[in-house]
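Next come two complexes built around chain A: one with chain B, the other with chain C.
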Partner chain A sequence: MNKMEKALHELGEMDDLAARSSPIHDMSATAKLLTTIAYIVTVVSFDKYDLSGLIPLVLWPVLLFQLGGIPVRTCFYKLRIVLPLVMAVGLFNPIFDRAPLLFLGSVAVSGGVVSMLTLMLKGVLCLMASFLLMATTPIDCLCASLRTLRVPKTLVTLLLLTYRYVGVMTEELAIMTDAYHLRAPGQKGIHVSAWGSFLGQLLLRSMDRAQELYASMLLRGYHEHFHYAPVKPFTAKDAAYLAVCLGVFALLRFVPVAALLGGALVR
Partner chain B sequence: MIEFENVSFSYEKDRPVLRDVSFRIETGEAVGLIGANGAGKSTVMKLLLGLLSGEGRIAVDGVEVRKENLREIRRKLGFVLQNSDNQMFMPTVCEDMMFGPLNYMVSREQAEKKVDEVLAQLGLTELKYRHNHRISGGEKRMAAIATILAMEPEAVLMDEPSSALDPCNRRLVINVIRSLPQTKLITSHDLDMIWDTCSRVILLSGGRVAADGPAREILRDRELLEKHRMELPLRFQS
Partner chain C sequence: MHMADALLAPAVAATMYVASGTVAGISIHQLKKDDEPQKLPTMAVTAALVFAGQMINYTIPGTGSSGHMCGGMLLSALLGPQAGFLSMIVILAIQCLFFADGGLMALGANIWNMAFYGCFVGYYLIWRPIVRSHWFGEGKAALRGRIIAASIIGCIVTLQFGAFSVVLETSLSGITELPFGAFVALMQPIHLAIGLVEGLITAAVLTFVFESRPELLRDVEAEAGALPAKRSLKAVIAILAVLALVVGGGLSLLASSNPDGLEWALFGNAEEGYAENMGLDEDDFGLSSKAADTAGSIQESTSFLPDYAFADNDTPVGTTVSGIVGSAMVAGVALLICLAGGFFRKKKHS
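Now for the complex of A and B:
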């Protein structure tokens, strides 16, 4: 299995994860979507030095991993390419912001280090929340839910078809990579001289396949309106989940729970 | 049911793909469209489905293939693509089968009922909730046929339905095609399959109809087939 086939397999695994059944999977997609958006907004809204305020928010993804039966290892494995990029965002902060912000015993910790850690944690939490949403909700249900929230249908169809075409492009890339390596034994990766034609061919082949897929949709009556999977009804249970989550997020955002708990323990 | 009258088409000026093609297919007929590579078989299919437009008259049940009639025409014609991967784009077989009916405003309940009926007819009930990326090539081909049958078309068009199938799956597909009561137009290089499924054959060569007649005559005519870069079906080659 080459790298592309692995990527394709992983894409299929996400669909399999989303198709499982658990208390989280069985919940309405709208409730999960709104909760995830609220969580991300809450995480992002913290001040760059408020590392302690963010820490209690780690509990939410931990809870979802448990209830949804999603292995944490799978999450970090699938996010292995994006995570380093997110982690790199704040790397320069310690250089530019050297003023001491707090002391751990006699060790002064600069504002740059704290803001770097805060940024990293924010990035990881937002990625985990997005991963959990995708791992517990099939893409069709997610799109159906976006439509119920009145997101324009063009945008939603674009999202759905992009998700589908990623698979198509990856498949084509897998075939081309295999064909290349069979005629370039012992070579690591694709030689820079072939990048141009490789990308051009990939684009042409993907467009051909995309056109055939689109023709297949047209021939089955597609007319700018996608019929998404039926939306699970928004039950009282979903409303309660949403209300509790929003309440807890608001509490964690406006009340310094970690500082209060820490203060109580010190006393 | 399907009429082609003096149809011509070219992708580039001075290089016609079809020249003055005329034929008529009656309701219930099973017709094999054969010819060497580049003979124009796929172009005939695309013109019929309104994916391309050329000169001349093409009609389905008296309705001319024109932009304003495409929805009606495509409701009547079900097209099974050569590459089933390009036909199946929804996550599961069930959702893929419901895609067509839902677009034609059939209710979700009725569409699902139709899905169950078709899957039972083809003996594929266990595929219903399977993910498209998890089924084998043979199963995918059968599922692709099922997606078309769920739309209850009046005619079924198939592009190389037996390509890339193992002998067992090929036989399965042939049996399914034979059992379909609809009008059938099948393009293929697998002349044994055409022999098994079609009563009439249209031979295209250089964009023209080179022969049109009973399959039993055309598929046994070595001279005619070889003249147009074809060979006798394997069963007659001993």
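Now for the complex of A and C:
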């Protein structure tokens, strides 16, 4: 399976997950989008040394994974993209921030180590939040929700159209790449002599195809207005979900819940 | 260069959203003014192609590695800066939402770092002036040369701007202890090499389009009509030089006004005696410095396991132990939720 086929597989997998049914899937896309943004803002707003304050926020994605019946494995597979960059930045912290921040018995733990762990946890939690949004919300519903949030029509229509054509183009390029490698066995990538023509040919065909596409859209009654998925009304249930989530995030942000829980147990 | 959410502070992310949103708004307004409804499907198909095309590995001759195409320059050369910018936004959004490549909160910053520089700086300051200039003389071969030059210079310059912005945004967010200067020194040369490779690949694709269908390229038609260049190459170089000075000047000011992380960690600060502490005497560099006091206060307020002692809960030690125990309890609750979820699902299926 080449890189493009893997990407297609990932796209298909996300579509399948989003098409399932669960209490989270049935929620309004607007409520889910707003809670996801609020969650991410809460996570990243924690101080770089506040690892213990951040930990209770793990509960929200865990709860959503369970309620939505989403496999965690699929999400962790996506960490391969996020974690290297976060780690590349975070790994310098233990080197440059050596001031002892705490002691594990007689072993001093530097601020750099704590801030590195905090950064990594933030990276994982933010990824989980975005992943859960897309794994429980079909793209059509998300686009419809973006329109209700007054995101410009041009941008939303472009997002929806591009998403549809990403699959077509990726499949086309996957076939082309396979065909190229079958004719050039043992070669790792595209040879310099074909750098221009390989993508260029498809580009030219695609630009023409775009004009045909526009003609077909006009024939089907397109008049600068795109019909999105039927918008799920923002019900009292969605409002309650949003309010509870925002309240819990605020609570976890400003009250050291982990410390208080632990304190109650230690006493 | 895709930034993750964890690398940005909310204030920086919001600022970048506002900046990118403003440019997007202007671009949409411009597109509406141009009144070309047929452009939307072209933008979508081209954006989808660029998205897929960025997954192709191009073998770099003489090395074992491969490179990718630069989307911003390619899209602005084909669609124009405004349409290219909007297409790049959509590509970045899909990469972020479906492939976890870049964060949702960091999307504004990623749009700025990759789409804004690639499309607007790349087009207005590099592509258009170079393609319309009289560089390499007249005729088709000269025009081909200018397209290649614009692609390579465009990719290098826009990637340098993008990489510098990544450093600036991360540093302003207070995420990394890596000194600003060292971070810049790490990022810029890497992206210089990446920019060169991406420039060559983009040049190859655009040259192919030029050979087959020159009318698809922006400003090439203008060249065919022998329109005078709006801005001379000298003016372009002058603008780029001024930009470089501004960026370089800002960089040195920032670098010199803030003691870097290594100085902070080892020697406190300049007032505490930089030279005296070079011997790394533990007592000197640690306890009496302002930085150590700051670290101490941070430790008191946010410490995580300073000792194993189960002290009074009001002390920092007690608080820390409580934090660990509380975290363990959270983990326990998480485990319970997982087990309960699994149990109910099994029950539902059976």
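Just so it is clear, the second predicted complex is superposed on the first by the 215 of 267 C-alpha atoms of A that agree within 3 Å, B and C clash if a C-alpha of one lies under 4 Å from a C-alpha of the other, contacts with A are read in each partner's own complex, and residues count from 1 in each chain.
In this section, a residue touches a chain if its C-beta (ideal position, glycine included) is under 8 Å from a C-beta of that chain, and two chains touch if they have at least 3 such contacts.
This is a predicted model, so every value here is computed, not measured.
Of the two partner chains, neither chain B nor chain C is touched by A:P23. After overlaying the two complexes on the shared chain, residue contacts for A:R209 are found with chain B and with chain C alike. Contacts of A:V257 after superposition: chain C is touched, whereas chain B is not reached.
When the two complexes are overlaid on their common chain A, residue A:V86 makes contact with chain C while staying clear of chain B.
Of the two partner chains, chain C is the only one that A:T177 touches; chain B does not reach it. In the superposed model, A:G12 lies in contact with chain B only, and not with chain C. If you count the residues of chain A touched by chain B and by chain C, you find the higher number for C.
Under the contact criterion defined above, the residues of chain A that touch both chain B in one complex and chain C in the other are 164, 209, 213, 217. Remark: chain B residues 49, 51, 71, 74-75, 77-79, 81, 83, 85-87, 89-91, 95, 98-100, 102-104, 108, 131, 133-134, 147-148, 151 touch chain A in the complex. Contact residues of chain C toward chain A in the complex are 2-10, 13, 24-25, 28, 31-32, 37-38, 40-49, 51-53, 55-61, 64, 66, 69, 78, 86-87, 89-91, 93-94, 96-101, 103-105, 170, 174-179, 200-201, 204-209, 212-213, 216, 260-262, 264-266, 286, 291-292, 295, 298-299, 302-308, 310, 313, 318-331, 333-334, 337-338, 340-342, 345. Residue ranges on chain A touching chain C, taken from their complex, read 3-4, 7, 10-11, 14, 36-37, 40-41, 43-45, 47-53, 55-56, 58-59, 62-63, 65-67, 69, 78-79, 81-82, 85-86, 89-90, 92-93, 95-105, 109, 111-112, 114-115, 119-120, 122-123, 126-127, 129-131, 133-134, 142, 152, 154-155, 157-159, 161-166, 168-170, 172-173, 177, 187-192, 195-204, 206-207, 209-211, 213-214, 217, 224, 256-263, 265-267. Chain A meets chain B in the complex at residues 8, 12, 15-16, 19, 138-140, 164, 167, 171, 209, 212-213, 215-223, 225, 227, 229-230.
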